[in-house]
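We just call them A, B, C and D in the order they show up, numbering each chain from 1.
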C-alpha cells in the first residue's frame, strides 16, 4: 500500500487510526469523574502532540539514521515560527503559504548551518549546532528585537524582527495585503485554511463524555501523517539506507564510492525542514513566536523525546513527544486541592499523609517526575518506549504460546 | 450538543446531554450565552496561571497563595480580607453572581509558549472564564493576546513593562500593577532630593523588552531632573556574573549606577556591584550611589545585605498602614504565617476586582466585565484611591518609593517606605511616547 | 603500460621516510603481490593509492588518470575497490543491505537523492547482489545482521561488496590475516575463481607466503619504503635480497 | 589601559570558574568516556553545601523581644543561633561569618560521596552504552537533583556572603603604579582566582606525579590496554569520578558569594562548560583550562561599551562565535586528541 511493505503499511494504518480517533482515545474518563484531570483530548494539547511529533520525526531522520546528534534543532523550529508569523503579518492569514515559507526558510537556515557544522563529527558537531542555535536565540531575544522602525515607533518593526521577550505577535496595523487587517468586529483575524479557522471546533457529547473535534488539530494531524509517511519512505529508501551506513561505518562508505557529506547535508536539511514545518504549524495553531523556542532546552527536549521513544524507530519519536508533552501539560496542572479531592475517601490523617507523599511529584514538581522517568526508561528500556512495547508484546505472545503448549501437553524443554 | 470555537466544559458538566450527534462546524456564531466558557451551573472556574517552575517559582507560589485566599474570601470563607475595606460593596461573599468560585492552576514556566499552553488548557479543557497571574511581562503580553483572541478576560499579575498596557495593550486585558514609567516618575524626585540634581548616571539594562522600557522611563525622568546619562549598556538575560559590566563603571565618570534588572539578574548585578566597592566609592566628589528601579521583596531577600540603603520603587508593601493593606496582611499572615509579597497583593486585588466587576455588570461576558472595569474608581485596596483607566486598562494609583532597610528585624522586613508618591505625579497621557503604538482593539466575547 | 603506474613516490612522516622513490607498475588483468617485512611501507603505499594519503612527490596514475588529490570515493568511482586488513563492513546493516550500498554507488555515483524510491523495488540491483552472494556462498546468510557474523564471513562479505562493483582494480590488504587454514584456502580458491572468471586486476599485500605464491603472477618486494625487486614468483622465491630483507643481515 | 587590565582580571576570574567546572567534566570524559550532563548539578550542589552549612550553624531558637510586636500584632521574637550559647556571641558570630570557607570541609566528603555513589550506582552501567543514553540518564539525574534542592530550598537565590574580612576591594592599581582607585578588585574574587589556581595545580600534580595519576592517564589514553595489564582501572575510575565531583563542588562552594546560589545555577553553567570543554579539546585537561580562561577573557572584552557600540549584541553571542571559529579552524579544539568522541 502506498509503496510500503505490509509491516510498514499496518504501522501507518495504526497511526492513522490513532490520530483520527485521538479525540476519543485521549478522553477516556467521564467529565464528572475525578480522573477527568488525566484527559488530554482538548485541541491545544492534541495539536502539540502532533506538532512535536513532526519535530521529533524530523529529528529522528538525522539522529536516528545517521547518528549525528544535533543539539541546536530548535533553531529551525523558531525560524519556522517567525517565518510563518511574518507571512501572517504581511500577506494574510492563510496557513498554507505560511507553512510553505516556514519550510523554505528553515531549509535555507539548515543548509547554512549544516554546511558549516557537518565539517565536524561527534560531539564537535553537536557543539557547533548548539552554538548556532544559541546565537539565534540570543540575537532574537535582544538585538533583533530592538526598534528598527525609526523614531516614531509606530510601524511594523517597532519590536524588531522577532519581538524579543514578548514574542512576535499579530497586530491590527499589520498590512496583510491579501487579507483583512481586522475582522468585522474589530479583532485581529485568526489563521485559517481558505476560510476554515484553525481554532474552530465541534463538540460531541455522549453521556458524560465530551469529545472535541478541532479543525486545527485535524489539519495538523493530516500534515503529521504526511510527514510520518514521508519518513517511512525515507527510512526504506536507498537514501535512508545510505544514511544508516554512515552511522555504521563512514570509512567503508567512502571507500565504496559514496560521498557522505551531501547525504549528511541532505538529511540535515530535510530534518531542519521538518522542524521548520513544526514551527510554522505552532504559529498557525497559536499565532505567536517566542525566542525561547530556540533555547538549548528546547533543542534538548527533542533529543530527549527521540531517545525516550526509541532512537531510529519509526514511531518512537512520536511516542516520546507525546509522553513529554503529556507530563508538561497534564501532570503540571494537578494541584494539592485536586489531590485532596481524589483521596477524600481516606480517613483524614491518612489522606494528608498520602497527599504529602505524592505532592512533590505532581503539579509544580512535574519536573521531578520527568527526570525520574528519563532515568527509569534509559536504565530498564535502553531502546526507549518502543522497546517497552515490544517487550510487552513478546510477553503476551509468550504467555499465549505457553497456554497453547499446556493445552497440547507438549513435553517441557 | 454545542458548537463553537472553544470547549466549554462548564456548560457540559451540568447539562449532561444524552445521545450522540455531530454538528456541522459553524464559525464565529454566537452561542446562546454569547461568550466563551459561560458558566451555567452553580460554580464558576477561574484560571490561575503562575510560574511554578523556573526562576520565579517562589514568586509564583506567593501569587497562588494570594489567589487561594481571594477565592476563600469570595466564597465567604475566612475573615473576608479586603472585601471589608473595598469601596465597592457589590460582592456578597457568596461567590460571584451567586456561583461558587472554583479554580484551576497552571505552570507558566516563565516562558511565553508554556504560559500560553497552560492558559489554553485552562480555557479549552477546564472551562476557565478568566485567566490571571504571571510574573514577567513577556508572559503577560503573550497570555493577554491569547485571551483577547479566545474571548476571555485577562487580569495581569506582576508585569511592569510599559508595553503590557502600551504597545501590546488589549481590550480583554487589565493591569493593576504599576509600570516602568511610573517607577521612573516616582523615583526621580526622591533621587533628586536625596542625591542632588547634578548627577551622572550609568545604566546597566537587561537586554530584553522590560529592560528597554525601564531604562527609557528612568532615563527620561531623571534627565528631566537635571541628571546626565553617561552610559547605557545592555546585559544578556542569561548573565550570572556581571563583573565585566561593573568594572567599566569604575572607569567612567558616573556617580550613580542604575540597575534595570529584575529577579536573578538584579540579585547578581547588585551583589557584584557592592563587591566591587561601588558603595564606598567617591566619584566627582560625591558618594557613589546605586539605584534599582523595580524592587521586589523576594529579590531583595536574594541579594541579602547588599540592598541596604538602596532606592527603588515597588507597587505595594506589607508595612503600609492603610486599612486595606492591614486587612490583607492580617488574613494572609494568619493563613500562611508570613506577610505577602507585592506579587501576592496585586494578584489578590486583581481577583477581587474581576469578581466585583462581574457582580456590578451582572454578567460574566468579557465585554460587560470590561465595561464595568473601564474608568472604574475604587479605594480600600492598599494603594489609595485608584482609577482603572479605560483608555489603556492600566490602574493609576500611588506608587511606593522604598529603600533597603538598614536594620531588618526579620527576613521579611527588608524594605522601608521612603515616600508614597501620589497618583497625580505618576499619571501620563494615554498617547505618551513611551506607550504609543498599540491599539486596544474592541473587546472580544469569543464563542 | 600497466593499469596502475606509481612513479617516484615519496612520503615522509616528520623525520621518517615512509616511502622513498617507489616505482611500481601493475599490468592489467594480473595478480600483483606486494610483500615486505613489517614497517616496509606497504600500508602507506596502499593508502597513497586510494586517496587516504597524498604523496609528497611523485605520481600515481590509474587507467591513464592521476589519482592524486582525489578523495577515496572519487578513486573508488574510477574503478578501484579496497578490502581492509580488518573487515570494514556496515555492522548495523544486514548482509543484503551491505551488498546493496556498493550497488547503489556503482549505479548512482557518489551522491543521489533517492529519498522516496523503495529499496524493495530495486529488483535489478537485488538480483546482482544475490548473484554475488551466491558466488561467495553467502546467499543463505543474506538476512543476517552482519555484525554478528564470524570474521571469515565478514571478510567474504567485504570481498563480495568490492566485487559487486566490478572494479577494474581490487586492492587487498592482507585478506587472510588472522584466518584459519581452511578459511585461507577457501579465500585463495575464491580469488582464483574471480581471476579466472572476470577481467580484473588484483593488487594484494600479504604476509602469508602460501597465499602469495598461490595467487601472484608478479611480486614486488618492499623494504624500508623502497622496492627491492620486482619479479615473477619463481624468481622471487630464491632471491638473496629478499631473504636478506626478511631475515636481516645474518642471512 | 586600566580598563583593559580590569577586563583581563574579570576574564581570569570568570575563566577560573569555567576552567574548574570544565576540568571535572573533561576528567570524566577522558577517563570514563561518559557525557555527564549532571556535572552542572554537582557544581550547584557544591554551592548548596555552603548554603546548608551556613544554615546549619545558624540554627536558632526564638527569643522574645520585650515590648515589640510583629506584623500581626503578636509578641515579636528574635532568632538567636544556638551556636552563640556554645561558643559565645563573638566567636559564634565569627564562625557563622566564615561559613563559606568552612563549608569546604563539608563539601569535600559530601561531593566525593555523591560522586562515588553516582558512579557505582548509575554511571558504571553506562560505559558501554551510546552517548545518547548517557545524556538521557545524566540529564534525568540532573533534573532530579535540582528538583530535590528546589524542594528544600525554594527557587529564589539565597544570599551567601563571603566572610567580613573579604568584603571590599583591593587596590590593585596602586600596586603597579596607577592612580589609587582606578584598578580595584574585590578580595573574594582574588581569593577565588587563587583557589582555582591551587585546585587546578593540585589536580595536574596529582595526575602527573603519582602512580595513581599515571595509571589514570594511561587509562585515558587507552582504557583497554591498561585493563589488560591487570590493573584495576575501574576502581580508580570510581575515585576519579569522586575527584571530579569534588572539583565541581568546590568550584560551587567558593562561587556562592559571587552569585547567590539557586537551584538552576547548574543548568546555567552546563552548556557553557560543555562549550569550554569542547573548545579546549575533548579529554584534554590543559585544553579545558586554557579554553576556560580564553573564553572568560574574550567574554569580558566583548561586554565593554566601546565594543558593543560597534557590534551590538556581541556580548550575547561571543562564546558561541568563538567556539565556532575555533572548531572550524582546529577540528578537535585547542588541544584535543584525534578520535576522542568523534563518533
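In the analysis below, contacts are C-beta pairs under 8 Å (C-beta built on N, C-alpha and C of every residue); 3 or more make two chains touch, one makes a residue touch a chain.
These numbers come from a predicted model, not from an experiment.
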item	value
Chains touching both subunit B and subunit D	A
Between subunit C and subunit B, distance of the C-alpha-averaged centres to the nearest whole Å	74
Where subunit A and subunit C are represented by their mean Cα positions, the distance between them in whole Å	47
Mean-CA-position distance for subunit D and subunit A (Å)	34
Distance between the centres, which are taken as Cα means, of subunit D and subunit C, whole angstrom	53
Shared-contact residues (touching 2 or more other chains) in subunit B	53, 57, 207, 234, 236, 238
Per-residue overlap in subunit A, given as positions that touch at least 2 other chains	138, 141-143, 146, 367
Of all residues in subunit C, the ones touching two or more other chains	none
Which chain pairs touch, all of them	A-B, A-C, A-D, B-D
Residues of subunit C touching subunit A in the complex	50, 71-73, 76-77, 81-82, 84, 88-93, 97, 100-102, 104-106, 108-122, 161, 165
Residue ranges of subunit D touching subunit B (in the complex, touch as defined)	2-3, 6-7, 9-11, 13-14, 17, 68, 70-72, 76, 78, 150, 154-161, 167-169, 181-182, 184-186, 188-189, 257-260, 262, 264-265, 268-269, 299-301, 303-305, 308, 312-313, 315-316
Parts of subunit B lying in touch with subunit A, wherever the complex brings them together	1-7, 9, 12-13, 16-25, 27-28, 52-53, 57, 61, 104-107, 111-114, 116-118, 120-122, 124-125, 136-138, 141-142, 145-146, 148-150, 161, 163, 167-168, 207-210, 212, 234, 236-238, 433, 436-439, 441-442, 444
Complex contacts: residues of subunit B adjacent to subunit D	53-59, 207, 231, 233-236, 238, 240-241, 243-245, 247-248, 250-251, 264, 267-268, 271-272, 275-277, 280-281, 298-299, 301-306, 318-319, 329-330, 333-334, 339, 409-410, 412
Contact set on subunit A toward subunit B in their complex	31-32, 39, 42-45, 48, 138, 141-143, 145-146, 153-154, 158-159, 164-167, 169-173, 182, 185-188, 190, 196-197, 199-208, 210, 212-213, 215, 282, 286-288, 290, 292-293, 328-329, 332-333, 335, 363-364, 366-367
